[in-house]
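Structures follow.
In what comes next, chain A is part of two complexes: it sits with chain B in the first one and with chain C in the second one.
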Partner chain A sequence: MPVKEKKVKNKTKAVSAYGAVADSRWRKVSGKYLLINDFGNFEYLKSPDFDKWLKSKLPKKSKVFESLAEKGFIRTHMDFDKLTEKWRSANSYLFAGTGLHIFVMTLRCNHTCVYCQSSAIDSSKKNTDMSYRTAKASVDFAFKSPNPTITIEFQGGEPLLNWDVLKKTVTYARSVEKKTKKNLIIALVSNFSLMTEKKAKFLLENEVSICTSLDGPKNIHDKNRTYGKMSSYAVTVKWLKYFKREHDRQKNENYRIFKPSALLTVSKRSLAFGEKIVNEYVARGLEDIFIRPLAPLGYAKKYWDSIGYSADDFISFYRKTLHHIVKLNAKKVIREKMAMMILDKVLNAHDPGYLDMRCPCGASIGQIAYNHNGDLYTCDEGRMVGWSGDEIFKAGNVFKDSYSSLMSSPVTKGCVLSSNLEQQPLCFRCAYKPYCGVCPVYNYEVQQNLWGNMPSNDRCKLFMGIFDTIFELLAKPKEAAILRKWVQK
Partner chain B sequence: MKHSKDEILLKSDLRKYSLDDIRYAAYSVTDEAHVELKKSNLKTIEISFKRKGKVSLKNTVKRFTDELKNEKIRADIFKNNAELREHLILKALSSEEKPQPQTDDAGLTPEQEKELDELISQVEEEIKKESSGRKNADPLGINQTWEEKNAGKRKKSKK
Partner chain C sequence: MKNDNNMKIFVLDEEIYSKEAIALAAYVYADKAEIEYKRKKGKIEIKFESDESSDESIADDFVNEILNQQCRIDLTKKNSRVSTIIVTKALLSAAGEHTVRG
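And now, the complex of A and B:
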């Protein structure tokens, strides 16, 4: 029958029109087509080459064809073993179990930061301190994860306000490390206000890596991070200097001293001072700066109008600041951590452990937040939502639940499903899918459901802008050489 | 195509674009418009765009039509590669090394327990020493609560 024949013919034609095109996504960046596939390979194509590739008309002996074939963009020329090996490497976290265990040692804090995402409370309420019994049970719980490397991160509030328990917990965790023969990384995130030489010495001897907050020069830092009548900046700089000096002069000790690191939280008032903030980091001898966007969670959500900003504002800030950092690299080593983590995925097919940018996200399967009372949350952001009275992200309790029951809890499953980019319509088609991730907590808080609506999602827009900035730089040989150096293995 | 300031109506031929293609293209512009799909007959879908904010609906519809063309290409490529894609992901998943067996218990042996108890009591002893005279060792009041330090000031500022 003629009609039927015609239909079959059309169908065949439609499929074969892209006969040599392997599954890929694309986006226009710097006037070129940026092709990316699920294996994390990328290629820039000029418009005529893109059209030829799409129509399967690229000459087989051309350099473009060879490069595309090697990277898995030509379906008739794919090296299955090499490509699947790369996919496995980029997605190795799927097989590892929970690596990051965040211990909320107390909700108390002696700072009143304008954006405090942890929604810290005053230091009188000692009932929000984690007891040693809870901390010990949390260590045991953390070591139940099949991950060969366990990271315990002490957070708060200000964790040093619960120093006695923290100290005992470090000792206990190190003993469990010996017994289980796992690799244990311990990190402390502190504002340093309660740091003493004695505490510092204990932390260094126990190989605790130290991280603090530095929002830029004194006037910016102290405005963001209020510490009564005192200068938070002065305390931060003093102890950064101390830990850096200890790191620099370490010799053949029985323990390693890690270089201290600092986190930058970008508030509305930071937006005009990108260069000054970076210069402050350089002046403090820090080699990494992490330009972190503020998220409307916890305290920050309440005051978003005065401290928050649009995705466009952040992208503009990020772009300018990253360009400044790249320029500085002619003289100094200073790297941007967000870019480094993305570059590690893009150039090394390696998972840098950035749980916000994973598919599925790190909720429970990559990180667990242990609240002071033993309640377990999918992540620290989920814990903050719980603190505001909504326990949707509470996945269990350290005394009542097992690691396996936590993994199979409806809360964990809900987060895993909703952050699976294969099921997010816009993400599934996005060129940056192999490197990106969505956050169910953000979606829930901002768009009132775990799945969110990506076309109107500011976090999506923001990350899209960050990826565009990085791929624009990677398209320029001089800048690309600097970026490649940042993540060279 | 019918249009007013706040609404534009568009028709799409189902023989040219599949319902899935149209659905996705419609979803992709939901940041700017409420989009309603209505089947006119077996071959035609009627698409209504109602603007959400201060956007130009014409631009939204342009975005929609561009996305629809792109989606058709993407869908064809995806369909063409579906089996291959599944095969490769399955290969990648199945050849992964199995994780190390989980230890049954993170608890300690009696000897280790004893050693740890000694260590903990040593640490506790140190803490006691550090704590003695602690009340006087806070001249700046940094162990005080934020409320304790600022309650008076807050009340004042509210007034």
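And now, the complex of A and C:
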């Protein structure tokens, strides 16, 4: 219900009858002032309008005033019912339990990637395989979450190296789904090197969504992702084609076949090839590309000088590549996932499930990483820190701890408290606060404490650049129309 | 700031920097330097002694840490209520509890 305007007798006050500006933040983007408030509403203002707004001198019958009032930027014209509904929708994760459960089926891998964040070990050492006993206990643990939708993501190392356990776990998880009547989403992240038709058939019949890594054309992919003397690219492309064909056919009515997806990891050597990488995705029939920055965690931290880059380098790469993607949209559909997730927050007030960009972050309360031995970590990045010998993000064990004790563990609380943007001096004043989040694991690894220090934090700089790029495009009508289409519900 | 071999002396205004911010920053740097502080006529004098005598940046970083802590303290005074509500709600929802226990 809108708040009624108060009548003010004093003449001087009457000039500012609609009161001071409502709580909001701004940033200059594309020569205009970009206003954003905690409800997630935004508005671009030209300099003269911005000055009038600050001085409460905007004519009440102007379009600018009406638009600002509707979006909650005028203190005396706040429709709190509507605004709080929007806030609740954008922050719906605060009212649900852990949705994402990452099962590390093995640490073994048959690839040696230049940036390997999962710190994989030699494929012959089976002592890092998850046993079925552990996998089963992990499924039971995951279903203790109050979230009505449980996502189990199998990864590694290369999860297909532990195929028998993976297969039994999928079957068991589906049986628990039926018993609990929860919605279960199963995903597999694989390099496809051990994929066979038999395995593929089982995965499709059990509605497992398939994701692989594709770093670009053959020369870039194979340089990043070494697979002995073989071509990782050839295997990846072969199976992407297979799963896409099966998706397009949807030949069996008893189960849905999801479109396969791919993940791009941007290393230093990718920076010069943005357009070529996007074109490769288009050529493979993929409609989404996720331009993910590399983080200096685990193995990547050790070799950061040779594979890493500065925030400025990534922003420049992201900006150029996103512009190329938007241009391509005149002829075909190709979307960028980072932009899509941000746009989903900005335009739909919807949480897309990007756990590093929440307040508080998704550590334990949004995701749990289940290591091969049953140890529980706040997230997969936290597990990688554990692998390098520091167990600060280990929050429990599936055999020793209950779900509720994990949620109340000091590790979970520490991450939740430190990633609360209301307690981050710079974030609290940042225009992008309603859409952003901090990562305690990154802060710990790079700045030696969970809270970090945002003025000198490269991740903060990097996301600031991504937000600027997206809001620059949203300020242009033609480009904005394309971006809006990407997240139209 | 005064330099005396390995020791540096900072004098900070008590109206800007609280004792709590200085204590917290000193705690963060407890394994990197020896730190003493005392009140002196509305100011706080800090003696900062580090083994890394050639590295000026550690002393500079320490002063930045005081500022960092002060900003957090000021923000907590302003935001602690909303901050507590968000954190409590997130943790309770994740644990499957929907009401705050009295």
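Note that in this section the second predicted complex is superposed on the first by the 468 of 489 C-alpha atoms of A that agree within 3 Å, B and C clash if a C-alpha of one lies under 4 Å from a C-alpha of the other, contacts with A are read in each partner's own complex, and residues count from 1 in each chain.
One rule holds for everything that comes next: contacts are C-beta pairs under 8 Å (C-beta built on N, C-alpha and C of every residue); 3 or more make two chains touch, one makes a residue touch a chain.
Predicted model only: the values in this text are computed from it and were never measured.
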item	value
Which of chain B and chain C A:Arg27 touches, first, second, both or neither	neither
Contacts of A:Gly97 with chain B and chain C, given as first, second, both or neither	both
Of chain B and chain C, the chain that contacts the larger number of chain A residues	B
Contacts of A:Lys276 with chain B and chain C, given as first, second, both or neither	neither
Which of chain B and chain C A:Pro146 touches, first, second, both or neither	both
First (chain B), second (chain C), both or neither touched by A:Arg484	neither
Contacts of A:Met407 with chain B and chain C, given as first, second, both or neither	second
Which superposed partner A:Ser364 touches (first chain B, second chain C, both, neither)	second
Touching both chain B and chain C, residues of chain A	94-97, 146, 425, 453
Chain A-touching residues of chain B, taken from the complex the two chains share	24, 27-31, 71, 73-74, 76-81, 84-85, 88-89, 91-93, 95-97, 99-103, 106-109, 112, 115-116, 119-120, 123-124, 127, 130-131, 140-150
Chain C partner contacts - residues on chain A that touch it in the complex	93-98, 145-146, 359-360, 364-366, 403-404, 407-408, 412-413, 416-417, 420, 422-425, 428, 449, 451, 453
Complex contacts: residues of chain A adjacent to chain B	14-15, 17-19, 21-25, 38, 54, 75, 78, 80, 83-85, 87-88, 91, 94-97, 108-110, 112, 122-125, 139-140, 143-144, 146, 148, 161, 164, 167-168, 171-172, 175-176, 179-180, 193-194, 198, 228, 230, 425-426, 429, 453, 455-456
Chain C to chain A touching residues, read off their complex	28, 64, 68, 71-72, 74-76, 79, 82-83, 86-87, 89-91, 93-96
